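Each of the next two complexes has chain A plus one more chain, namely chain B in the first and chain C in the second.
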Partner chain A sequence: MAELTGDLLDRRAIRLAEEAADRDEAIRRCGEALVDTGAVHPGYVETMLARERSVSTYVGEGVAIPHGTLAGKDLVHRDALAVLRFPAGVDWGGQPVTVCVAIAARGDGHVELLASLAEILLDADRARALREATEPEDVLALLVPAPEDSNR
Partner chain B sequence: MGSINGKDIHKVVVACDAGMGSSVMLASQLRKQLKKFSVTVEHTPVNSIPGDADVVITHNGLAARARAAAPDKVVVPFQVFLGDPAVTAVVKAIESGGEVSG
Partner chain C sequence: MATRTVTVGSASGLHARPAALFVAAAGAAPVRVTIRTGEKRAVPANSMLSVLSLGAKQGTEVVLEADGEGAEATLDSLADLLARDLDAEEPADV
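And then the complex of A and B:
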């Protein structure tokens, strides 16, 4: 599991002091993190913007999960996530977003981390901890399920 | 289109455009909620909904596409990703019987 996460959520893709003037810029920042870590072809970023224009990826608690369209799947090199935090917030079609968990996936390698994100969003305290995280370790501790996920 | 009784639901499919984000998250929650029942939960792109799906859950904005792709299925649209009443109603129907319509 540890090595799986190393590949899936590259430390260089955890960027917690980002700034963006609007949603499109935030998505481009997310796309850059995925491009920089070799997870996607640069063309994937446009499909992330396209997806957001058709259906918002806002999932609640100040969190959005931008990702590409079905057509963009071919531009994904490997399953990967990026976590970007915008401390000043970004207007996401009327909802304030602080954290983006950007997704690139061809397969199901990321399913467990998204399942644990869903759990976090259903727990107001942990959701706040995610929004306020300033260290990559804090993000990893929240998102990476502990073995048998019961140390909390 | 039509309706189905919760007792007859064996496969729930959560569909979104790419099948990599929102559907994955919602499917993980449903799997957890339905662990005790013999119901399979899958996440797929909206244009590859499997033929043996009994109920298709999808975002409002994709419901028309889901209905076109799977005209003989019960399609349940939702608005919010976590805790949507439409999704809760499907879980309740599976737990205790009752009709799900779409």
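And then the complex of A and C:
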């Protein structure tokens, strides 16, 4: 059932009890999850920090989508996502962030998934469910578009 | 109703940095602007989540619409922004 994200979102890259003192540390934690699952070269993390300094990746509803700059694309081994939850929140340039959906992308295969994420966040109930998720299964159930009999 | 049909020019599509720049420009416009892709309903162009939900990639056609004074000029500048490859402009533009 997780076919669609199966390739993109490794279960080991879903980390729901993270802590970070500030935005940079949160981004480094996100980068580590992508490095640990073999999605990116460690150098990619610096390009994620550079991107954030250029334009905030905060998208709303307590969610940010850290990712590297275009220059970092060569450091991506495969397109992948990581979902990190910071229950205590992280100050993201004045906005409180609870969930980071980190992105490693060479192509545009993740765009549909980002679109699904945005649809979820536009729905107040599902946005809250994502912020409060404590099990990887909860996150997969939310992010993976279910067939016909949607379990929303 | 002013309308512009534009092909997204940014390499990474209409998300990430290009989306952030577009949403900021739409938010600063004097009129309310909507954006849609062919099969989806129009959404507010000044909402990051709404724009992301379109899932527009490089080469996707999007339609901008606005009403009122300044609508034509606003859409001209937003259409120009969308058509450019904002990713390619990254180092000089921030």
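The definition used in the following text is that the second predicted complex is superposed on the first by the 143 of 152 C-alpha atoms of A that agree within 3 Å, B and C clash if a C-alpha of one lies under 4 Å from a C-alpha of the other, contacts with A are read in each partner's own complex, and residues count from 1 in each chain.
Going forward, a residue touches a chain if its C-beta (ideal position, glycine included) is under 8 Å from a C-beta of that chain, and two chains touch if they have at least 3 such contacts.
Owing to the predicted nature of the structure, the values given are computational and were not obtained by experimental measurement.
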item	value
Chain C versus chain B on the shared chain A, clash or fit after superposition	clash
Which superposed partner A:A115 touches (first chain B, second chain C, both, neither)	both
Chain B versus chain C as contact partner of A:A129, first or second or both or neither	neither
Which superposed partner A:G60 touches (first chain B, second chain C, both, neither)	both
Partner chain in contact with A:G72 - chain B first, chain C second, else both or neither	first
First, second, both or neither for A:V144, with chain B first and chain C second	neither
Intersection of chain A interface sets (partners chain B, chain C)	51, 54-55, 57, 59-60, 65, 67, 69-70, 103, 105, 108, 111, 114-115, 117-118, 121-122
Contact footprint of chain A on chain B as seen in their complex	16-22, 24-26, 28-29, 32, 45, 47, 59, 61-62, 80-83
Partner chain C, residues of chain A touching it in the complex	51, 54-57, 59-61, 65, 67, 69-70, 103, 105, 108, 111-112, 114-115, 117-119, 121-122
Footprint of chain B on chain A - complex, ascending	51, 54-55, 57-60, 65, 67-70, 72-73, 103-105, 108, 110-111, 114-115, 117-118, 121-122
Chain C residues within the chain A interface of the complex	11-13, 15-17, 20-21, 47-58, 87-88, 90, 94
